[in-house]
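The following pair of complexes shares a single chain, chain A, combined with chain B in the former and chain C in the latter.
== the complex of A and B ==
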């Protein structure tokens, strides 16, 4: 392998790759899975809660979900210590924008700022990249609800649904089939017709609502996690919606509410027997 | 000595200013346009020394253009523009202040509403229905107080503005023969009338 081009972040390999950046991306594949799903009326982010030791004190706050400002939040996959630095950067940027313009920062600008910060560590200074991937969920008046994913290279893109962390490939291929597909039809033929229709319809028509998105997110987590049974203490469900005043509301579901979502999924799959 | 004032109506803002450029006992020009377009749907009437007027207005309008270029055509609302302006005045205040007093009028294309802001050289900012900078306020505010109401049409607002101009021309000691009037609404910024063509050299 091109070992001699590995150690410096600021050197291209002869094949035109930045190995340190690629290794940073690899580091995230060991982290707890995070699923993000864009819904008509909000954004859902579900993450796997990895309990490394029973001796750990019960968490007072989430180690996955962080509020960046009134209208944006993020989910973290990777080195938490690295993530903390970037989250501070994001919060500062959102605050400074509001200070300058007395307005909420458009979500993409916030994401781009964090990503530009990450990119600097792939080009200058000789410091290693951040071993963190983010899912950003936000709302602004320009583009409504948005979901973005970013990685250590400083690249970002907007998604309707995506997965980061462990087993993200399995999660993503599951979402490719399930996101936006019409469900609840026992008749296979009807399902075929419906799917054709939904392909012709505008993308908005097959976008789920927050409740459907929550169920879909839990299904993805069930697929990516090793565990056979899903339970609220293994996952954290976050959703962002607008309240009656048009303000963003950030909510991490309680154990009971999460259990309800899990029960709804069980009820869906039970009647069809073995799938 | 500059006169700058504005009146908001239902769906837009009228901005008016005199066109005299003078210092001490000398008149440099009588066709100056003191209302600069900041962006497609906002404009700023500025009073103060010509140097600061031009410097500040160009600085703000170019920064707003940069924002649109950097952010894929996204526009800053008039509220954000006004607060940005105020922030720049505030930062410069204790370094090297811009000696400008401003009336900023804009139309928010996202919300579909107009807004007018009064801003002075000390970086005070107020959202108003109508306002005036300088000596003009002593003559014009009482007319606007009496005649302004919610839901004015463009023509009614122009009527108030022309009343104010007449008052100044009768009662204000400094003779200001030429005024320029602009409107900012959903169709953007355009000049309604001027006393002397700013384009004449």
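== the complex of A and C ==
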């Protein structure tokens, strides 16, 4: 088998694979799910909170969501210890860029820096890769709101909506159908074929707003989480929007606000046989 | 002694090249910090709106007197370090910790220093005034009355010593601080051309611009 090509990160297998990197990606598939959804007026990230014990005294405000700078934040899936190193790297990079240029770092550049750092561990040194996947949410004046996903290989890509962590395939296929899907009642009658044409030309037309995105994110988590009943203590909802001064605001929803979103979804799905 | 000779001008200390005057004073549950707004190239005045006092957060202010390029650089560096602190620790820098950070940053450059002599003013966790002053390699002094820095320190020490009283309320602190600064810079060629005064209380900051002699 490929046993003899497994142990070193810096060796390709005969099939042209880096097994250590793939095993690192496997490690993340056991971690708490994170959903990211890009909206017209912001970015939403929802994550499954894996509460291990009621005796646990959390030191930081979140184990999943981290602020990187004024205009960027990330969600973590994987080994928290590994994530802490990378988050610190990202914060330093954003700070140094601002120090040098007196300008906010463009989001993609920040993501690329973190990914380049991760990539080094797949090519040099004989050290293992980082067992973390990130969802980066950010805003800059060049491209507006953005959502990126990165994995242990150092690969990254921009998304309108994506899922990482446990059951991410189920989450992604759910999003494929649900993201940007118009509500059945009014639009089908009015738009007709025009909608199909415009869906390709103007994809922003079907981009949800932050409130819709929050509901969609919770729906995805409901699908991917094992538990049947969703509640605020099992999930963490984060949204990034612009406030009135044009500054980015990072908000982790309180238990009440999260409960409200959950209730809205339950109200939606309840009268399913009516229309 | 760090000295520089620029074209035909006489030798002067590098710390006196741009000119500055900063005073910070403690009051009753409040603190004030004021600076002049002149920026010069030795004798020539280049700007009348070069502020040397920077707000770090609602409770911490820093005044940086000395070479203007280092004033701006140190401000950017402090903002960077403050930002990192707040991201990592998820809490705000208190004036005392900020002062220690600044002292540390300056001493790191012990044998090639930043040419600035800073002043830190703020309110601690109990809303009590905090003041500290430092030399260019970070040696701090902590007082509860006043700290001064810049090209007119001899004048400022005299004015403050005379006008200062303990436990002044914010309005009286403003008057005292303003008079001390204005009178000091009038007798100094390198500072003046306007001033800014910030009075910090637990309820917020009030900033006022002063018009003085424009010579």
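Some notes on this structure:
Note that in this section the second predicted complex is superposed on the first by the 251 of 275 C-alpha atoms of A that agree within 3 Å, B and C clash if a C-alpha of one lies under 4 Å from a C-alpha of the other, contacts with A are read in each partner's own complex, and residues count from 1 in each chain.
Here, a contact is a pair of C-beta atoms (placed from the backbone, for glycine too) under 8 Å apart; a residue touches a chain by one contact, two chains touch by 3 or more.
As the structure is a prediction and not an experimental result, all values here were calculated from the model.
Considered on the superposed chain A, chain B and chain C are sterically compatible, since they fit side by side.
In the superposed pair of complexes, A:69 makes contact with chain C only, with no contact to chain B.
Vectors from the Cα centre of chain A to those of chain B and chain C enclose 40° in the overlay, to the nearest 10.
Of the two partner chains placed by superposition, only chain B is touched by A:142; chain C is not.
Within the superposed three-chain model, A:81 lies out of touch with both chain B and chain C [touch as defined at top]. Look at A:101: by the touch rule set out above, it reaches chain B but stays clear of chain C.
In the superposition on chain A, contact is made by A:60 with chain C only, not with chain B.
Of the two partner chains placed around the shared chain by superposition, chain B is the only one that A:109 touches, whereas chain C remains out of contact.
For the overlaid pair of complexes, the smallest distance between C-alpha atoms of chain B and those of chain C rounds to 5 Å. When the two complexes are superposed on chain A, the residues of chain A that touch both chain B and chain C are 99, 102.
Touching chain A in their complex are the following residues of chain B: 71, 74, 76-77, 79-80, 83-84, 87, 110.
Within the complex formed with chain C, the residues of chain A that make contact are 60-61, 67-69, 88, 91-92, 95-96, 98-99, 102. By the touch criterion given at the top, residues 99-103, 106, 108-109, 141-142 of chain A touch chain B in their complex.
Of all residues in chain C, those touching chain A in their complex are 76-77, 79-80, 83-84, 87-88, 90.
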